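Before any comments, here is the structure.
Chain lettering (A, B, C, D and E) follows the sequence in which the chains are written, and residue indices restart at 1 in each chain.
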Amino acid sequence: MRDLLGSHLLTVLVFLPTAAAALLLLFPERRAREAKGFALAASVLELALSLPLWSRFDLASGTFQFVERADWIPSLGISYTVGIDGISLLLLLLTTLLTPVSLLYSLTHVEKSVRAFSIAFLVLETGVVGTLVALDLALFYVFWEVMLVPMYFIIGIWGGGRRIYAAMKFFLFTMAGSLLMFLAILYLAIRHRAVTGGWSFLLSDLARLTYPTMAIQTVLFLAFALAFAIKVPVFPLHTWLPDAHTEAPTAGSIILAGILLKLGVYGYLRFALPLFPDSAMRYAPWLGVLGVIGVIYGAFVAYAQKDMKRLVAYSSVSHLGLVVIGIGAFTSVAMTGSVLQMINHGLSTGALFLLVGVLYERSHTRDIADYGGIAGVVPVTTALFLVATFSSIGLPGLNGFVGEFLILLGTWTSPHRWWAVAAATGVILSAIYMLSLVQRVFWNPLTREENRRLPEIRPSELVAAMALVALMVWIGVRPNDFLDRLRPSIEEVRRSVATRKAAETRSVAVPLPSEARP
Amino acid sequence: MIVGGIPLGDVLLASGALFVIGIAGALLRRNAISIFLSVELMMNAANLAVLGYAAALHNLEGQVVVFFVIAIAAAEAAVGLAIFVALFRHTETIDVNRINLLKW
Amino acid sequence: MTPSFLSFGPDELAACGPEIVLAAAGCLVVLLDAFAPSSRRWLATLSLAAIAVSAWFLLAAPSGVTFSGRYETSTLTVAVGLFAAATAAIAVLVAKPYLQRTGQERGEFYALLLWGHLGVSLMMRGIDLLVVFIGLETLSLSFYVLAAFFRGIQASSEAGLKYFLTGAFASAFTLYGIALLFGKAGSVRIAALSRPDLAGDPLVALALLFLLVGFGFKMSLAPFHAWAPDVYQGMPTPAVAYLSVAPKGASVIVLYRVLSAVFQTGMPDRFGTALAALAILSMSLGNVVALAQRDIKRLLAYSGIAHMGYVTIALAVFGREALAAVIVYFFAYLVSNAGAFAAVAALYRDETKPHPVGLLAGEGRRTPFPSSVLALCLFSLAGIPATAGFIGKFFVFKAAIEKGLYALAIIGVINSLVSIGYYLKVVYVLYMREPVGEERPPSLSPADRLALGICAAGILALGVFPSGLWDLARRAAASLPFAP
Amino acid sequence: MTAARLAFDAAAGVAIIFACVMVVHRNPVKSVLALVVSFFALAVTYVLLSAPLIAAVQVIVYAGAILVLFLFVLMLLNVPEEARRGSGHPIQNFLASVAIVVFAAALLAVFRAYGGIASQPAGDWKADVADVARLVFSEHLLSFEALSVLLLAALVGAFTLARRESRS
Amino acid sequence: MTIALWIIPALALVGFLLCLLLGRRLGKSFVSAVGVGSVGLATVAAWMRLIPFFRGDAGVAVEKLAPWISVGNFSVDLSFRLDPLSALMISFVTFVGFLIHLYSIGYMKHDETDAGYARFFAYMNLFMFSMLTLVLANNFVLMFVGWEGVGLCSYLLIGYYYEKDFAAAAGKKAFVVNRIGDFGFLLGMFGIFSLFGTFDFDRVFSTAAADPARFGRALTAVCLLLFVGATGKSAQVPLHVWLPDAMAGPTPVSALIHAATMVTAGVYMVTRCNVLFRLAPDAMFVVAVVGGITAIFAAVIAVAQTDIKRVLAYSTVSQLGYMFLACGVGAYVAGMFHVLTHAFFKACLFLGSGAVIHALGGEQDVRRMGGLARRLPTTYRTFLIATLALSGIPPLAGFFSKDAILTGVFAAHRPVLFAIGLFTAGLTAFYMFRVVSLTFYGEFRGTPEQAGHVHEAPPTMTVPLVVLAFLSTVGGFVGLPEVFGERANRIAAFLAPVLPPVFFPGREEAGHHLPVSTEWLLIGVSVAVALIGLLLAWKWYAKEGGRPAAALAARFPALYALVSNKFRIDELYDLLFVRPFVSLARVLWKVVDVLIIDGVLNAGAFIVELVGDTLRFLQTGNVRNYALTFLLGIVALVLIVFGGM
């Protein structure tokens, strides 16, 4: 046991939820509460087990830690290789945190076929964790796709009115992206065989490949980028997100917005950049532009929404746009900010969805017009919602500010200064749409009588929300605890690109954005 | 030029012609039995070709093949007719234009 | 070389042991059914035993060529033989409760199934076109009858008729192709085809085309697919479970044998183009039309058509790796597709009526086990990772890309995206619709549970640990003569 | 132009003509009879191709047994004459004709051009029935055994389908 | 022992947390104790740190609490700075803040629930925390924290009566407009970082001062961006629109945040960055112009307002304009001096108006007041003193600071701006005395029950009034003009360290050394102007009951309407920005998202299904068709394989 947790911690983390799900199958269908409790316990255990990663993480090194390797399909060099660096560490912890939060929230809300719900959630957690730790492209792809299935069910079974459409849209969009990536992965492995004579799907091996022509590299890069861009989602590919987020059950929305979106950016950082440095650099400007569009467009559309969840969903488009800008700017400050901002967005949007859910479960409407003036009725909910709002509009002292500030500053010091200018308007826009949401929901005269009897947030929900709020404050006040873990990994990514580019002889030279030194 | 001065070409020609006629029948006839007759014709065309080649190659195996094929044809006929009868019990017809319960 | 009269030694016995078992078991079943009706409920068990024993003989048989170079025992035949045997076993398991429900549990069903299986085995092991053809016909005749097995139901009889007419038509082409090959090669031994001068001979090419369409018909490969939906719809589901899997595999193996024998030095481009065209047509047509299907058996038929398109990609790639990919693909297809039909058999109450997808509404909660297995099978067919289906696609596309057939690969993945559309539609009906009507589904019999369990386990096992199968497939593929 | 060839061509011609009759005649009974004639003619060509055994089998099994069986079934079901009208959709017929013509052209062209065989064995050749039999039971033993299974299957199958409903 | 600087804001923060978490349960007395106590302690702590300064034996103190954010070549600390400038600020921020908290007890006590009461004091404490952070910060980022923090608090406190929709809207408006400013501030900070590679005040300013020629126009841009931030925070034209609406909040809030402290943050920031600004003359000119325009613009509007708090609000805007005018001409000392004095008398005025409103049960319209001098003696006296101070009547505080500003402007050779300043002074006196007259003189014009209800405020409210009035009286003596001797202007000497001399080519520093005679002249003029305005107002409104004004308004109705409607700026912005924003949002959603993107995708899916549904009918069920497709397939294959032959 000791050794298991010692040297196979990641494996345990990956498969513990599935094991729990398998056990859940033994529960009789009608023992709903027990099933919920068990699932929650499992996810909490997972969280507990994931904490050592934080403490035992070696701050000095930017390379992968806790690495495990085992053959999977030896004849093709496909292996079960897992490991984490700072980036995956934070996202992993975010996952292990948000899952129990969602389950805790769901304790009092999901009624329909609870056992299946819990199972779906645990399987989903396995998928996400696996995606975050996989260092072998085949393994990564498997987990990447496995996530879809439980999410499809979560949206489709426990979702809202147009859940079927939303679930289908979610599935097809994501699939459409990843299938081409699948072919690209195969090509890479085959290329590796052609060059070295041996099969391998290891990131570390494939990242050493050179490509016959720039065009091929570009095509492969685009295949990867498409998959990730849809997941993020980047501007014109985002339309699955509002539907999915809106129709999904609250817990599902939390996971979707909190984690799944991040995997797009994560994949880009982890795979697209090291594998295709030239193309990545060449197309980074486009990425940035799309990010800028996303920030502004998302904000505008969010403002126009009449449905609370939709509004929050579109705000995600805007926030993720900012993250994308940071990646595109490619300065270490901006990239660090982007990764941190992913965590922030996970917390703030997670909290927002949770609280929206709290309201929805009580009044069964998400229509903003049905609320107004309830601040006096549900002060605690209001307070929490305000905190989440301020976190999401980047108020200093809370987490959102640090991320936004780093991204904007880093972008400003990159060659693409005007992105920062354009993106900074998000500072204004986010205030506009979020505050008008707050005003229309919690403030203004209380017009609807039924809202006077709106029950206050339940303890379980409160605990779930407080956990998020606490982290918001922590990151806002002591961001270095997190940045220290990110810094080396980000540098590693940048270095890998830089060195690769140096190695590439035939490739067109695209200068790396340099930090502006005074 | 093969046994008794019969050119292989003629044999193949005849075989091909029969085969095509069989196809035509299968496509143009309406009642199942006629269609099946056409298929039988196609199989005979094949047999003719085999025997022609067998003669040309002085190879007995061909005759063995044809021998088996005829047996198979017989078996096929038995099953086929049985199916026709079974279906006829339902539909009172074996006109394939009217046998389209299963479609789309 | 003309061996002595009735040359039948121990080698021969060992070689055709599996087939003898099957044939004998078939007779036994018929006789028991006829003369000891009380023993009827053991027939399924008997058939299962027979299949198991024959599979065991297959494993036991010394590899090599027997019957004066007309019959083969090799890793390949073992691999595909096990594949077929597994299919047959599942079919029998499904058949028992199914036939009981319909009150049609007659020995002939099992007997014909066994004999059809025997035919498949002949096709897969015969390295002599005559043997192959006889195997093909044995298979066909048995399944013509099985298609029409429900004499009381017009749909069944009609399925029989359609299958019979189209099948006979197709096998006439096959036969003609064999005739021409015989003419060119001077023997019906497949080995005889590997004469250098034949590879470029147009007549041989024509003959190969005839074989291609003949076996393409059995594979329900577009445009020779038209029979499949109707026949599947009318045919007893357990028989479909077999017909939709094993004969397709056998046909591909035969095609591979012949093609690899003729094209020692690689396949001509024109042929590759033809195969690619078939693949694209089959994938696209199958998937697109499947979107429009209301009856689940028809839907699965079209999905099968599409899947044969993927297989044909591997045929077009044409190589040892591709053959290995095909074998893996078929094992995956076996668990997924047979599993799907098993689930359909378990889920639908009234076999005498059509099987509209809508009838499954809400079954996910009513009858969780078969529903979940069906969903799993569909996801596997859709090629979602961690299921067998993904592994199959993985190797096929890998082969295609290795060969540089990028366009085929891309069209393939686009198609699998389309396919998700209708697979998910079924899943959605199962889990996200409210149940219609109050009729309870039949309580699941142990046989059904077993069959479904096997398939589900197989899907996951292959999906998660494909390594062993892949190695087996590669060793199997090694027993065909390919250009190095 | 040897006598054998004349005879062959004549027989083949008859076979072809009556095959055509079989196809075009709308009365099934008559088309069966036409086919009988065609098969007899084929039997003749078999003889000319020095396959007496096959010829015999052709006459006995085919023309004799099978086609009689057909007639029998036709009588049993008293299949009516096909109406001239509406024998299928015009598009169907048109496409069918085109396809058949193209196919025939291709087939015969390939036959004419490449039908020949690589090496014509010299000398005259006489097939001996005994040799055929020996071949059947030696080299093709497996096929023979398999065939028995096939016939059995056909038998059981036919019996299964054709017998009157007893149960259900 | 000396108290660490971070303690000062921390105390307020503690108060905030206590009120927020425990306030509702433990009730008003607890909240009052904590809320006021924490600020009191903060004041004490602050002043303990200040004593050495006023003894004059203290240098600049920089105390680093902890590193905050550090990535790559960027890092900022949580470090605080106590130098004359921040000392000056916290001196009155804490003290005035304390007084206003004290006042709030009386003001808020009776008309609020426990929850609301706790909320109020929580926000107020949070504000104190943010303001002190802003002032004490040692780098731009930390300053920005306070900067946004005070914005947040003003948002929360303006929207304190959240169920009043105009209050909620006003809060949002304030925050958004501030954010527009912050947008500029943020970019300005980025500019500073890319110019200096740090955010620390010391390093930035020393680098800049060391090599003035180096940065050139970039610095101008940076300064302008920073000034945008100041504009938003300090309600300068064109971003002044939020401040008048901010009066929707409780009066103490208006007094503390929207008069005394927060709104002066912009001035503080500009003064803090004086080195940079002085290196960017063009930017400074812009500052001066904007300040001047705002001053007169707001003053004019104030003349025609009838809501007592609005008048004060616009007067605040106008006075802030004055301060920027000062900064713009390089008279930073004068600017800060005015910040100080303004804090006193404007707070006093607001609290006084609060007392009036409080007395009249919420009445804010001066037209329904009058004759309150007798009924509210204390309020009246303090209000009058503060008014005179604001009008610049010697020897009250306002006089000296305003005079210093005008002198500075004059000395900087900006005649137009000087004229504007002078005229504004007159207007100021006019509208302030107009308010006084309407409120305290003549007959009471309100309803009878109001008349019956009128009563003087409780001591918790009057004490602060008195203290502030006193300060408004004596506050000016810290900055006597130089005509009273070299050492007279103590505040100048005090602030000298933070106004280091910078030498750069092109332009000479505007020296404030005018001939004594000129100074006397200026003093005389400004006093005269103030008196004229004052007397005019007294004549029109006190003696003649406002008839002349009415007549004037009747003479130019359009003009009057325009002015009384604040030049319709809000309507203009609504037309120019708000409506387009909303409609654009709609369009993007309904057209781009729904119609175009989703439309295309759904259309694609639909087409595929349609094709499937059509092809499906090839499956006719007729075997002959199947045979045909079969044959067609073969023909096709044959053609593919034998195509070329």
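The criterion applied here is as follows: a contact is a pair of C-beta atoms (placed from the backbone, for glycine too) under 8 Å apart; a residue touches a chain by one contact, two chains touch by 3 or more.
Every value quoted in this text rests on a predicted model; they were computed, and no experiment measured them.
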| item | value |
| --- | --- |
| Those chains which touch chain D and also touch chain B | C, E |
| For chain D, the least number of touch steps when starting out from chain C | 1 |
| Chain whose Cα centroid lies nearest the overall Cα centroid | A |
| Whole-Å gap between the CA centroids of chain A and chain C | 43 |
| Euclidean distance of C-alpha centroids - chain B vs chain E, Å | 99 |
| Separation of mean Cα positions, chain E and chain D [Å, integer] | 103 |
| Centroid spacing, where centroids are CA-atom means, of chain B and chain C in whole angstrom | 26 |
| Multi-chain contact residues (two or more partners), chain D | 88, 92, 96, 99-100, 103, 106-107, 110-111, 115, 117, 135, 139-140, 143, 147, 150, 153-154, 157-161 |
| Where chain A touches two or more other chains at once, by residue number | 172 |
| For chain C, residues that touch 2 or more chains besides their own | 130, 134, 137, 141, 144-145, 148, 151, 160-162, 165, 169, 173, 183, 186, 202, 206, 229-230, 421 |
| Contacting chain pairs - touch in the sense defined above | A-C, A-E, B-C, B-D, B-E, C-D, C-E, D-E |
| Residues of chain B defined as touching chain D within the complex | 1-14, 16-25, 27-31, 33-34, 37-38, 40-41, 44, 47-48, 51-58, 60-64, 66-68, 70-79, 81-86, 88, 94-95, 97 |
| Chain E-touching residues of chain A, taken from the complex the two chains share | 172, 236, 239, 242, 297, 300-301, 303-305, 331-333, 336-337, 373, 375-376, 379, 383, 390, 395-397, 401-402, 405-406, 408-410, 412-413, 420-421, 424-425, 427-428, 431-432, 435-436, 439, 442-446, 479-480, 483, 486-487, 515-518 |
| Sites on chain A touched by chain C in the complex | 29, 71-76, 113, 141-146, 148-149, 152-153, 156-157, 163-164, 167-168, 171-172, 175-176, 179-180, 182-183, 186-187, 189-190 |
| Contact set on chain D toward chain C in their complex | 106-107, 110-111, 113-115, 117-118, 134-135, 137-143, 145-147, 149-150, 152-154, 156-161, 165, 167-168 |
| Chain D-touching residues of chain E, taken from the complex the two chains share | 622, 624-625, 628, 631-632, 634-635, 638-639, 642 |
